[in-house]
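Two complexes come next, and they have one chain in common, chain A, joined by chain B in the first and chain C in the second.
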Partner chain A sequence: MSSHHPASAADGLRLQSVVDAHASLPGALLPMLHAIQDEFGHVPDQAVPVIARSLNLSRAEVHGVITFYHHFRSHAPGRHVVQVCRAEACQAVGAVALEAHAKKCLGIDFHETTADGAVTLEAVYCLGNCAVGPSLRIDDDIVGRVTPARFDEIIAELRAEVTA
Partner chain B sequence: MSLPRNTDYGTPARASEKEVTLSIDGIEVTVPAGTSVMRAAQECDTSIPKLCATDSLEPFGSCRLCLVEIEGRRGYPASCTTLVEPGMQVRTQTPKLADIRRGVMELYISDHPLDCLTCSANGNCELQDMTGVVGLREVRYGMKGKNHFDLLSALTKEKDESNPYFSYDPSKCIVCNRCVRACEETQGTFALTISGRGFDSRVSPGESQLFMESECVSCGACVQACPTATLMEKGVIEHGQAEKKVTTTCAYCGVGCSFDAEVKGTTVVRMVPSKDGGANHGHSCVKGRFAFGYATHPDRITTPMIRKSIEDAWQPVSWDEAINYAASEFKRIQAKHGRDSIGGITSSRCTNEETYLVQKLVRAAFGNNNVDTCARVCHSPTGYGLKQTLGESAGTQTFDSVMKADVIMVMGANPTDGHPVFGSQMKRRLREGARLIVVDPRAIDLVRSPHIQATHHLKLKPGSNVAMITSLAHVIVTEGLVQEDFVRERCEWASFEQWRDFVAKPENSPEAMEIHTGVPAAEVRAAARLFATGGNAAIYYGLGVTEHSQGSTTVIGIANLAMATGNIGREGVGVNPLRGQNNVQGSCDMGSFPHELPGYRHVSDAATRALFKDAWGVEPQPEPGLRIPNMFEAAMDGTFLGLYCEGEDIVQSDPNTQHVEAALRAMECVVVQDLFLNETAKFAHVFLPGSSFLEKDGTFTNAERRISRVRKAMPPLAGKADWEVTCMLSNALGYPMDYKDPSDIMDEIARLTPTFHGVSYERLDELGSIQWPCNEDAPEGTPIMHIEQFVRGKGRFMLTEYIPTDERTSSRFPLILTTGRILSQYNVGAQTRRTPNSMWHDEDRLEIHPADAESRGINDGDWVGITSRAGETVLRAVVSERMQPGVVYTTFHFPESGANVITTDNSDWATNCPEYKVTAVQVTRVTQPSEWQQRYRDFSRQQLDLLPKTRREKV
Partner chain C sequence: MSTRIYVPIDSTALSLGAEKVAKAIAAEAAKRGIAIELVRNGSRGAFWLEPLVEVQTPAGRMAYGPVQPKDVAALFDAGFVNGGQHALSLGLTDDIAYLKNQERLTSARIGITDPLSLDDYIAHGGYEGLVAAFAMSGADIVKEVTDSGLRGRGGAAFPTGIKWNTVLGASADQKYIVCNADEGDSGTFSDRMIMEGDPYVLIEGMTIAGIAVGATRGYIYLRSEYPHAFATLKEAIRRARAAGWLGQDVRGSAKAFELEVRLGAGAYICGEETSLLESLEGKRGIVRFKPPLPALQGLFGKPTVINNVISLASVPIILARGGAYYRNYGMGRSRGTLPFQLAGNIKRGGLVEKAFGLTMNELIHDFGGGTLSGRPVRAVQVGGPLGAYVPASQFDMPLDYEEYAKNGAMIGHGGIVVFDDTVDMAHMARYAMEFCAVESCGKCTPCRIGSTRGVEVIDRIVANEQRGKNIALLQSLCDTMLNGSLCALGGMAPYPVLSALNHFPEDFGVDKTEAA
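Now for the complex of A and B:
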């Protein structure tokens, strides 16, 4: 978002408008961070001083909140975000094995992105889909009864989709 | 053995009229409502274990070590966040609590490197203490697994040594958040946070930056709050824990913070702000806390020196020889040119006792009134203006009064830089909801910074203060906002009527004044209404008010405003001059002005003179002597030829440097008593080594009239304290001064000065500090003045007609230059430049608005020439939106900057206080230093070459 780059200047304007739209909410910081992440896929470092200025907070305060919540990312995620549920109900029906499989198959840990940029893996604690666990969330879709084999299929589909 | 620590009550004291009685471990205790159980327990000497709690910070409740049992309550509430209730029965020690605490501690210790023996906090570590207190005997979890220290190699890399005064070692961190809270609550900078969570938690300056790259202002509050060695002074890392402490008073700004100098032998290991310091309550800034290394800097000159002419090499001589030479020269000059041909200048950096002796030397030994002090160039208009209107030349409030203010008006002052510790207190009050009006040409930090936002910023043009203050008064009078009851009862009604009619004139309205101030009239009206109707309104002002051709008029205008709105004589209100230097108030109190004897009594008053004649055996002259600028004029005329200058660098700090230099060159005997070969000493014939505040006893009086002790922490490097040197000089001149100790001097001051009658070292030791007046009527001092009536009886309104300064912009000089200071450097920088504080600010720069920069083709960092009617200098530019178009700004901390080469001889009509804040200049891009700067460099090099060889090598 450096101002030397035309596309980045546009990003800057987009960021400012998201920030402005939330600045007057009570307890504005979290809704603002969510809105920025929804807009950009992550909360870029360059957004911190802009948010701080808007809410008259220090940069440290904003940084502290962003780094506290795993939900907020400071770098762009892969093309798809896959969240594995680690809550108790899913754990009771095989989520632990699913998690291990997911990490192994993708070759990454939580909060990381595959080398081809296709998938970012995240943990989540309950998707409200307990009756049909283990559950995954792929971007905005929730999938139940995910076995390791089903996981592989899903990932293959995701990869195919982007290479298509 | 390490030093015993002060009792930590865990949570701050609460004030309440309601008292609560409860029982703690069967002991009845009564405390104010709102007190925590933890504090109540400590009040009856029961210590509850704690880690995240400390009494300088609000309770946080995170460490879970301070759990207690309360009869009738479930569970184990944290005593720091649980408030006392009547009849509560608290148990602080039970087997169950012991178990829980050990369990908590076990978790802490399983995540801590156990290198206690080689740790810099060894002997002064709260984690160590608490581990001992809870009786932890084993760590069942082992030390393996994820933790803060196992990644020691990684974390060692994360160690942050960027700050010159303290280090940050994340492996020792227990994430108690005390540092973060101290930065927020105590200092108000919000530079720190905890980033990440769990084992990834780190103290993060800014956005996980280095301390030096973040907004950290190095006040030291975090270091002081840290219970472990995570944040630790490098002095302690180097020297180990100190063996004794000496409570003394900071020698920097007019806040007058109290410090415990922690000493090992003759080495000051660290300076820790004292919790019971009346002005600072345990807080500090980067100068007082850390920048004391100048006291032992190799540049210190510790041998007396003399020379016939300033072209000659300096001869190191004995004290006796130097003193006798100075005395014989002074006698010779007086014999040839008359009694009035010599004089003395004292400094706001001297103690009260030293200043008193210098003016006594001048009045009794020199036999004239040619004594002045650097307050001439800073707050002399305050002395004049407040004496005329209220009857006393001093601020009306105690600093703590700000905590009761609802509206705070800051005019021509920059507290977060100039008076940082008070600035922090003010910011705390602002965060509590007080509203703020800033009257300043620049957008200072208070206008907007994290959690602070001025309601009104009246961004006026430099030089238009009187127009502004009068138009604020116009609104208050014409909109019926005057507190008439107060005025009728407390003030001279006739003077009020006259003033009311004057300010009500249409030409004094904000609309009419807009052309001078440049501030939209509606904004001025809104600010005036807020000031008059927003509750307790307090005015804080600084040199941006006084250092003008109408400085005294603005001070008078401020007093008028306070009287008209009834904002004087109680807590939360008042007229508060923020004094620049540690002892401006004191040096003025001590009679260092040419027209006043100690206690602001005019020399023409026969009764006062008789009193001093009785005590001194010599009657002071009835006519005022020369002010500093008059001394320079007289020197140029050949009638003033000898000067004794103690602790003041007139060449660097007085306006129109080239004029000052010429005056000094014209003198025959200039005696400089200082720590360093300062700019003035380069024109001197006798150099007498001074002693720093760490090397002597005495007192300083801060901006709230608080007299505090200065206590010797190490012996004087040159063998003599400054008061002893003045005594020697006086004795050599034939006027005997025989004091055994500075306390004798204070006793003499107290005897002769009605406002000091009750002051003595014994009383100061007893009370900690005393705010004058302290006498039979007020044996414990007077935090707030003018409570029932003004010192002069009835308050007096005076007219404040706006007369624009002669220093106007023109096509040749289209910009206005104004000057100020910055947090890390202090005044002429003689002290702070000789410390790592220069890492924050290593040169003076010219701040310029982007529009002015652009039209001149100036980019950030370019060298620019600044030319005024008086001279020319060259600095690097900083392009900044803080400025308004047409106004440029610089600091004056570095001699080579020559900021005062450009300032002019214009001065305040009443007191001759120089008009530093308004100089018409032109700014252009240049490639080389100015002629003056080249001459300065050559001359400085020459003068350093004239020092004795051994000294030169050291320098």
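Now for the complex of A and C:
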């Protein structure tokens, strides 16, 4: 999969074209980083000098911005990103138990990816789904009222997708 | 004639299966040869009934819910297309007590209209405020907003008109309107519901603000946790521009207003206005010193109105009906209405817009029906992760900015997170410090270091290591954070911690009588 090898010449061109498309926006860096992550699944280290040159920033400044925001990642995630809400409203209806179950069932901690590459687990602090928690975000879908049993079903569905 | 059927496209409705329900209804109708028009509306905000399906009948909209895909065939069998009775029937939507007993001004259209239909928006009173504003001077618009008594709905409750007046009075070649849509507080979703369910009201409010203060560009800074709101806003802006409601000459008024949505990147601190501006400029979201005020030196150093979604979305009705109309709701210095959000362990969670002055008991028990678990309510956290925990003994206090502040609490953005009697308040206090440590921008020491030390001290209290001494230390640490932090993150994280300690000392291993 090309997204795992952003250093290839074709990927270099793709990266440059994403950077160029956003360079003239006022306050361009965040929209540019979003576009890069949308394209490659993460912001590869190789992108840092390219961005820095384009926006006339130091590489340290670009690195600082990438690492400041929880959303940006410098390594490729699994095929699906599963975020577990840790915020108070979800805690009031069992999020602590769900978080423990998720880690145990996947055998990983937050910011890690399962060995089969199916799922990257992340924490999230509120999805705005606070009346029907505990909530998860799976890629761009929000799921409410997630019990441990429902979590297992969801993960099984995600894994089945690839083998199907 | 085809029957109009509504299935919400709101995130919460989707999170409970609304997409599958919509598909099942479309498929079943096709199979039976019944002509329907499927409208994807916002949510009415009665979330325990989602997915809430509505059918247009001559008597009004009939509600059914919560509907799952497996119920769809039976609903058709029961003739729900003509409003037929079924086990999931809820009667006329407008007669559902939860909705009927509200005072919806800001959220009047959510759930009723097709969020992306400009025709629908205008047919339901949309753009009346902006059209009225076209005929007014900037100063008159600002005066109307000032007279309405509207205060910042993001949490700080600063009078909106006064903020606008500062920007109006500033001279600059460029001014900006920035909407703070970084709704990161747990227990809040009213901004999201506006953006997903009635996006044009926000666009209209921002346009009015632009015309009032002479700003020709606006940005909505939206949190990245809201992918559906992002898609809806982008499409709504595109359509508004195509119809001439945004652009260089808004509907022939000779006023220019351009608008863009920008996505945050998962940093709670970017809900703080100066940190948000830094982020919009493409930097780390580090809090700025004030002064200068953003109203004078805001985005890119230019005079900037920065307001929360609900503040801006309340402006159109103020301009359409007049400041006095809005001011007529509420109590004391808290004028108008607030879309409260019932969240956490609550039986009937959702959006409840009411005038200020009602009590927590009315919200939690009359509207909310008590806890989801059926156990007694022990505490509620009001106003997000930086808001105090309020014990049941204070639930008769009127919801008013000043009344809450008097009791060491805050209404904030109106989010109410309910906990039953199984909650461990020492754990919640620890979480407040942990959250502050995760989300601190790192600029000031009380917040950056204090939050980490706070977690450690609470751990020692719970482990009964020199408990008395460590409680005194925690109180002193909270005092430093309260008084020494640069912004509300470090400055208010002590509220949940101290309120938990003061109201629920037994959870920290302290004898209640001894603590008092």
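The rule is short, and it goes like this: the second predicted complex is superposed on the first by the 157 of 164 C-alpha atoms of A that agree within 3 Å, B and C clash if a C-alpha of one lies under 4 Å from a C-alpha of the other, contacts with A are read in each partner's own complex, and residues count from 1 in each chain.
Operating definition for what follows: a contact is a pair of C-beta atoms (placed from the backbone, for glycine too) under 8 Å apart; a residue touches a chain by one contact, two chains touch by 3 or more.
In this text the structure is predicted, and so the values were computed from the model without any measurement.
Enquirer: Quick one: name whichever of chain B and chain C touches more residues of chain A.
Expert: In the superposed model, C touches more residues of chain A.
Enquirer: Just chain B (first), just chain C (second), both, or neither: which does A:155 touch?
Expert: neither
Enquirer: With both complexes overlaid on chain A, does A:52 touch chain B (first), chain C (second), both or neither?
Expert: Touch partner of A:52: chain B, not chain C.
Enquirer: Just chain B (first), just chain C (second), both, or neither: which does A:15 touch?
Expert: neither
Enquirer: Just to be sure I read the superposition right, which of the two partners does A:68 touch: chain B = first, chain C = second, or both, or neither?
Expert: After superposing on A, A:68 lies in contact with both chain B and chain C.
Enquirer: Between chain B (first) and chain C (second), which does A:60 come into contact with in this model arrangement: first, second, both, or neither?
Expert: So A:60 only meets chain B here.
Enquirer: Once the two structures are fitted together, what part of chain A is touched by chain B and by chain C alike?
Expert: 61, 64, 68
Enquirer: Name, in rising order, each residue of chain A that touches chain B in their complex.
Expert: 45, 48, 52, 56-61, 63-64, 67-68
Enquirer: Can you list the chain A residues touching chain C in their complex?
Expert: Residues 26-31, 33-34, 55, 61, 64-65, 68-72, 87-93, 124-133, 135, 137, 140-145 of chain A touch chain C in their complex.
Enquirer: Given the complex with chain A, which residues does chain B contribute to the contact?
Expert: Of all residues in chain B, those touching chain A are 189-197, 204-208, 214-215, 448-453.
Enquirer: Quick check: in the complex, which residue numbers of chain C touch chain A?
Expert: That would be residues 11-12, 14-16, 47-48, 50, 183-189, 191-192, 224-228, 262-268, 279-285, 300, 341-346, 349-350, 372-373, 381, 385, 415, 417-420, 423, 428, 431, 435, 438-439 of chain C.
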